[in-house]
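There are two complexes below, and they share subunit A, which is joined by subunit B in the first and by subunit C in the second.
And then the complex of A and B:
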């Protein structure tokens, strides 16, 4: 905790600033929330606020919210939004909820940063760890990231998943395994894919557990892993049971997770799946769906083994991979990944392509909406325009993932080979 | 994803530098864990050898590779197997081909003809029957079309007539001379004979028998010709085929077949009144249909159902404005662009009947027509039939007629009725009841043959394309088709036969045009390379290379260990 002690006042000021900025955007530009809600870059079929409203309307009229095939989100979101005063008359309460969720996420990120886990984990301590940003800076980078702000204004329900994931990590670092697992269960319940974070999160919990000094029993990790898995699946079972009682049928499973697994809604988004499956032959569709999902999940094992010493890096890299390769990604996923990256300030000097990455991401950010407009509204372009720009976006993010992995590994390697610090290297 | 891979390796390549102080990074920068080997090419003396890899690093790398391969082998392969195996339901291919080749069913139409000879002695009648049957069998060269005579006793006459499977009843009546007349309303052939023409109980030949046989043969000549034409146009083995079909007869039959509509259980009749001006604006079509067409529709009802709608269109301009229409004009007379003649309402094919009120006429120009002109004095005509589509009738009325009465519609509707019969494929000769019963037999044969050939096509398709999937619904349809075909074959010539043939044909069509199969028709096996390779190729390269490199390194380590042991032993 030597990167500048953060006073309570400074963080409070930061949060207040972020809240005021968002509130100002909500109230001063009344058309902005609806404009952003309609953007495919922000709202995907599984996170759209518009679709949530549709589900809410059906739910309030005692019709199954999944009738009509528009709503694909978790059933428990409905009573939460139902508790708020009606959105059409008092939108301010919904705005406040989204602002609060963003600030909670930032708070979790601040706790993660303050712990210093990124620089020195239980098994590895980076020689560069002193060079780091304070938690407030990292929280500010997250809160004032235009992607995060756009997601908040667009009221995508991904923010709840983001918040749950960040709290799971923060709790795992602070040693509250049970809370971490509950938070992960919530994230998985909302979006399904965070379940893939379970192995690295268990490793993180295992490394950070508070325990009496002395050697651990050799098979302690089996018992520990079992408990963690039981916690997650127990929490998930409770959530599913509650959803079942709420909607009266198990229909929600196929309407929420089924849609993500089978990609039945082919609305364009910034991911790489939709175009591929628009073009796919029907007879190969199920095979390639499985290939895409296996590809997404295949990184979990390899990264966890390779970066066993730094589980937080594994989680960060996986979040980056998910932001590129998951079925319905949006800029909200990118904002979560970009929020985690500044934790590795100490390896930034080892990044090789920081300029290229920044240029590509900015390029894609500006050209994406333009090409989408050309395709959908102007009619002077076609689907390939938008797909090309999503490929560029994916390229930028994957460069960042690779470069970060490279930097972290080089950092590890320099501990082994101190004589090589600062030398040019070549991989063979 | 391809982009991602290439950047991984590209990134590694970019660090190549001319610096002599090149070192190696003994770990991977990618999640795919590209295996590494210690730098072997020590080209420069300043290059220092990196320290040997630690055992823990090697083990870790193996674990990374194993973790990827486990997913490929344990999840990827079973999923690939499960999602891309082609479901081929078992089809009775042999049986299907037999049907198509006509081996499974020999289409035989046993026509029962009963003879009522109330004025003859039992013995005499029996002898006459025997002689007539002999004469018939001598005349007949077509085994598929059998006329079987039977004697009906006077008591059973009434009962016999009610039996539907009696195709024709011959009433032998004593009279002045030998004459034959078909009853216009019932399937009855009245034959009168002078008293001396009746054969005695023992005579070996009889002119009356020959005459009856000749009459029967000419009555059924058209039906026989049509059925033999149907059989010859399908792949029925030639020994069932009649020999006597002349090319001219075949051509006229082909013309008739192309003119008639494809068989459907229901036809939709559209009656349209088109006028060139504002008048007339109404017509008594319902009453006219009731009076002039309904009787025939009722007679056709065992074979077809009909739905009817009518419309009136004012200020309709025809496609040709000439006063006298020539033969070439007729094809462009229908103004398809403007006249609201919907192609089909519901699933049933539409038959259009158009009454066009105007003063146009049709010029008769062909030689045959000229002859008719010379005889009858008429040199124009009012109506023409459009093959498989319907009929147009040009009706000329006084200019101020606002309402078309039933009487004015009589001639058009009678024309329509007779055209409807030819559109449905009814034969031309004979009395109406006979024509209709012939129609049902022709249609059964037609449907039976069509369903069989569809089955054959499906079987050949399944044999030709080994990789086409055959859903169980197709197998279902095929088995249903075969069941109904078999029953239709057994009951050919009866009302039931038509029903079974109709179901068989519908099922066969449904099975052949199964949606999921049609798409795969144009998907050869070579295309699979194009489907798999672009994505799985780039994924497979690092996976396979990683595995190979690791195996190589493992073998090298083993050899070194063995050499070390040997060296130790020598010492």
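And then the complex of A and C:
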């Protein structure tokens, strides 16, 4: 009991520290929020706070924000921000909202970490599971990650998606399937791509559901999956209906999700899509759009089947893949993935390239803004400079995703072959 | 780089199709001539107004106007009205058309108010707006497309490039000039298109002159020469077609063609054989003797305008080749706006008529002789005040300048400085921008600030905003703001925008030159209905066009980018696939893979061969082979 109280105090202190740090950055450097909002690494066309303000302005002046090329975010964000006191006069309320969302995300991450799901799931228990960090450490690693802080100060609307995804996972682990599915529906409604997390999340829910007495019916999983899918799509239908009532037409669909599907806005970002489709020949544009989306969704099935015993790992790896290969990625997506990685502290010794990965991420973090400056402002470099650094960033992150997958699989394998711990192995 | 082939062919075709009409219609019109001149329903007049401006500039305003009665027009009876244009208008259901070809910048600070109160000018490039008769928006768009394509062929301009991204439907800025019976009817559609990048040149002037009854062979139009017109500091060619209904009598369709140009007198007088400007020799230099340091070896050059002599043939390169015989004899063909105190010589046979306002005089001259005007340099010292030589320019109602703020190719701002010179009158106007879609403007950043009150936005000056946001690749931004500027103050109107990066095929060949952004149109509203030449606008002005630099990709490497990105994706996918589908084994377990297998086989074979040779060698030679054998075994171990 005593230990519990200490932890409670510690997490409260942690959250307070994170909030104070963010508040200090907001208030002591008044130029910082707008500077970060303008950075392409933080704000993408589908998450930019400046575009949200423009959408809000048009919404308040009876111009449909979706009848234009600027606002590509979900309609329900408009009334939420409209309820807050006006940003131009009382920015503090917006700051507090963003800080609160970040702390909610950290809290969900803490719950995930405390559950120990990463080390011992329903079907698999890692021999190394004892070697793990406490939830507070993992929450701290998320909250004090410079990427997370920059995202919060830059007021990117990705934080809402991040929060919804983490809550979906936390609820799935604690057995609240319905809440998990609602949270996932919210995430999908805001950013579309989290819908791809549905299969591993259903597996996670299925594994962690409260066991009824007696053996399960053999086809119970079909019924279970059906319910889950119905929950998500029902929630999505309600959200869409509300959006329709709010905006009065269905044009928000093509403006929010259509832009992600067709990549009509080619604003530079840290992903691999924009430059590819700037340089793509017109006749092949739709073909490669289809290929890129197919590639992005192709991981879901393979990972879910191969890592059936550890659905949380599947979700983590998918988040990493989305952070690299989704149409408009930003460092906010990387910060979510990097926030999930410390859950696998127990397999860190099995990582093969941790130094290389850390070096690449730091290298790209510092060189990216510099090269962007050379291209856009100094004029002494061209677009290839920034493109090259996005390639490096993408390769670094994909190395981390692959290495994590390798470490987790080896950990699984060593349960079968305990004598192989620490031995050299190979794959055939 | 003019591309108008399909539309040009189209208009040619349509002309060919109509040609039988021309044959049939001509005799009837000529027979009707004698009557139609007398009832003045169908008439023509032309007038050139020369106005010397300060700083050795000369404004020449050419105006040509002809009428045709609506009934004759509908019966395809064209007399002075150009047939080619008339048929296009009928085909496209156009009720009123305005077309502008412009070049250069009007320097309001030194030249004052614009000619015609700005009603006959356009922004740099080509501008056009028309009222079309159509039941639906789609039909109007279709007719607009027909009209632009046909006019593109007629005027040799890239008007066919006015597509949906360059077309807007202004709500507040334009009002029909003509008398329409059903002016507010729903079947009248106003469409406005602008091509700021279009370079206006001789090939646009030639078709313009062909529309005139005298075709530039006689009358004031004989002065219009591409070399002079497009060498001017500012020029605008306008065509306005509108129905006019006099209170008594039949409605007529009126076409008004006007050309306004500001010539630099010094530059125009420069001889063709010695076109490079050189400083004049010291003894020819005219000094401003009012300067205190003026001495025999120091000279401050006198204001060149103070000492100008010029004649029409010096400025335009030729005299007027007699009056156009078709013109209305009651309207003097040439007027010059100089104070009555200045001496003006005209060629023989010309009649000078001084206007009672003492600032202008007009000349009538016969059709047979060339006509020439000569203004000698005034006598006496160079201190003669400019006012006595040149009419003092009228102060415009508003000065406007527009520029970009910020740096870099990512984002920027637009700042318009609006200055009201009047000490006691506030100015109410409509500010209209039609911006290309790749400038993503943020309307929430629009702000108005009065000069002298830094940091304080004054939104009460904005009364009404009409905004239609751009849609990528489909529609441009349309912004109309109704606002006022208080008396004797300067107002800054600013907003932010973001520059988008385009697909590499969407850039023009000279991508790093930048993209032209059309001029902002300012329409000052007419509060007092009796002043101004239009019932709606008291004064129009346009800012200059802007050049917007967008970020550019590397145009040379589409293949490289496709290859590099695909490689990165293949590495990630391949790496993941490899890890997922292959089994783990200890390093020394499992089947050997291809290469290792081969190497091991080779080793085994080598070892076998060596063993055999060793056995044979032992028997025959002994020690040398034994030593070699020792080395190989060491290696294999």
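Everything that follows uses one rule, which is that the second predicted complex is superposed on the first by the 421 of 428 C-alpha atoms of A that agree within 3 Å, B and C clash if a C-alpha of one lies under 4 Å from a C-alpha of the other, contacts with A are read in each partner's own complex, and residues count from 1 in each chain.
Criterion: a contact is a pair of C-beta atoms (placed from the backbone, for glycine too) under 8 Å apart; a residue touches a chain by one contact, two chains touch by 3 or more.
All values derive from a computational prediction rather than experimental measurement.
K.L.:
Is the number of subunit A residues in contact higher for subunit B or for subunit C?
P.N.:
Counted on subunit A, the partner with more touching residues turns out to be C.
K.L.:
First (subunit B), second (subunit C), both or neither: which does A:225 touch?
P.N.:
neither
K.L.:
Is A:209 in contact with subunit B, with subunit C, with both, or with neither (first, second, both, neither)?
P.N.:
A:209: touches no partner chain.
K.L.:
In the superposed arrangement, which partner chain does A:405 touch: subunit B (first), subunit C (second), both, or neither?
P.N.:
Both partners.
K.L.:
Examine A:353 and indicate which partner it touches, taking first as subunit B and second as subunit C; both and neither are also allowed.
P.N.:
first
K.L.:
Between subunit B (first) and subunit C (second), which does A:265 come into contact with in this model arrangement: first, second, both, or neither?
P.N.:
second
K.L.:
Going by the contact rule set out at the top, does A:120 touch subunit B (first), subunit C (second), both, or neither?
P.N.:
Neither subunit B nor subunit C is touched by A:120.
K.L.:
Could you look at A:283 and tell me whether it touches subunit B, subunit C, both or neither (first, second, both, neither)?
P.N.:
first
K.L.:
First (subunit B), second (subunit C), both or neither: which does A:254 touch?
P.N.:
After superposition on chain A, A:254 lies in contact with neither partner.
K.L.:
So, does A:38 touch the first partner subunit B, the second partner subunit C, both, or neither?
P.N.:
A:38: touches subunit C, not subunit B.
K.L.:
Which residues would you name on subunit A as touching subunit B in one complex and subunit C in the other?
P.N.:
272, 281-282, 295, 298-299, 302-303, 306, 321, 324-325, 391, 394-395, 398-399, 402, 405-406, 409-410, 413, 417, 420, 423-428
K.L.:
Can you list the subunit C residues touching subunit A in their complex?
P.N.:
Touch residues, subunit C against subunit A: 407-411, 437, 440, 442-444, 465, 467-473, 498, 500-505, 551-554, 557-558, 561-562, 564-565, 568-569, 571-573, 575-587, 590-591, 593.
K.L.:
Touching subunit B in the complex: which residues of subunit A?
P.N.:
272, 281-284, 286-288, 290-291, 294-295, 297-299, 301-303, 305-306, 308, 317, 321, 324-325, 352-353, 391, 394-395, 398-399, 402-403, 405-406, 409-410, 412-413, 417, 420, 423-428
K.L.:
Show me the residue ranges of subunit B that touch subunit A in the complex, using the header's touch definition.
P.N.:
On the subunit B side, the touching residues are 1, 3-4, 7-8, 11-12, 14-17, 19, 21-34, 36-37, 39, 51, 60, 63-64, 67-68, 70-72, 75-76, 79-80, 83-84, 469, 516, 519-520, 523, 531, 535-536, 539.
K.L.:
Considering only the defined contacts, which subunit A positions touch subunit C in the complex?
P.N.:
Listed in rising order, the residues are 38, 40, 50, 53-54, 56-58, 61, 63, 67-70, 264-268, 272, 274-282, 295, 298-299, 302-303, 306, 321, 324-325, 375-377, 382-384, 387, 391, 394-395, 398-399, 401-402, 405-406, 409-410, 413, 417, 420, 423-428.
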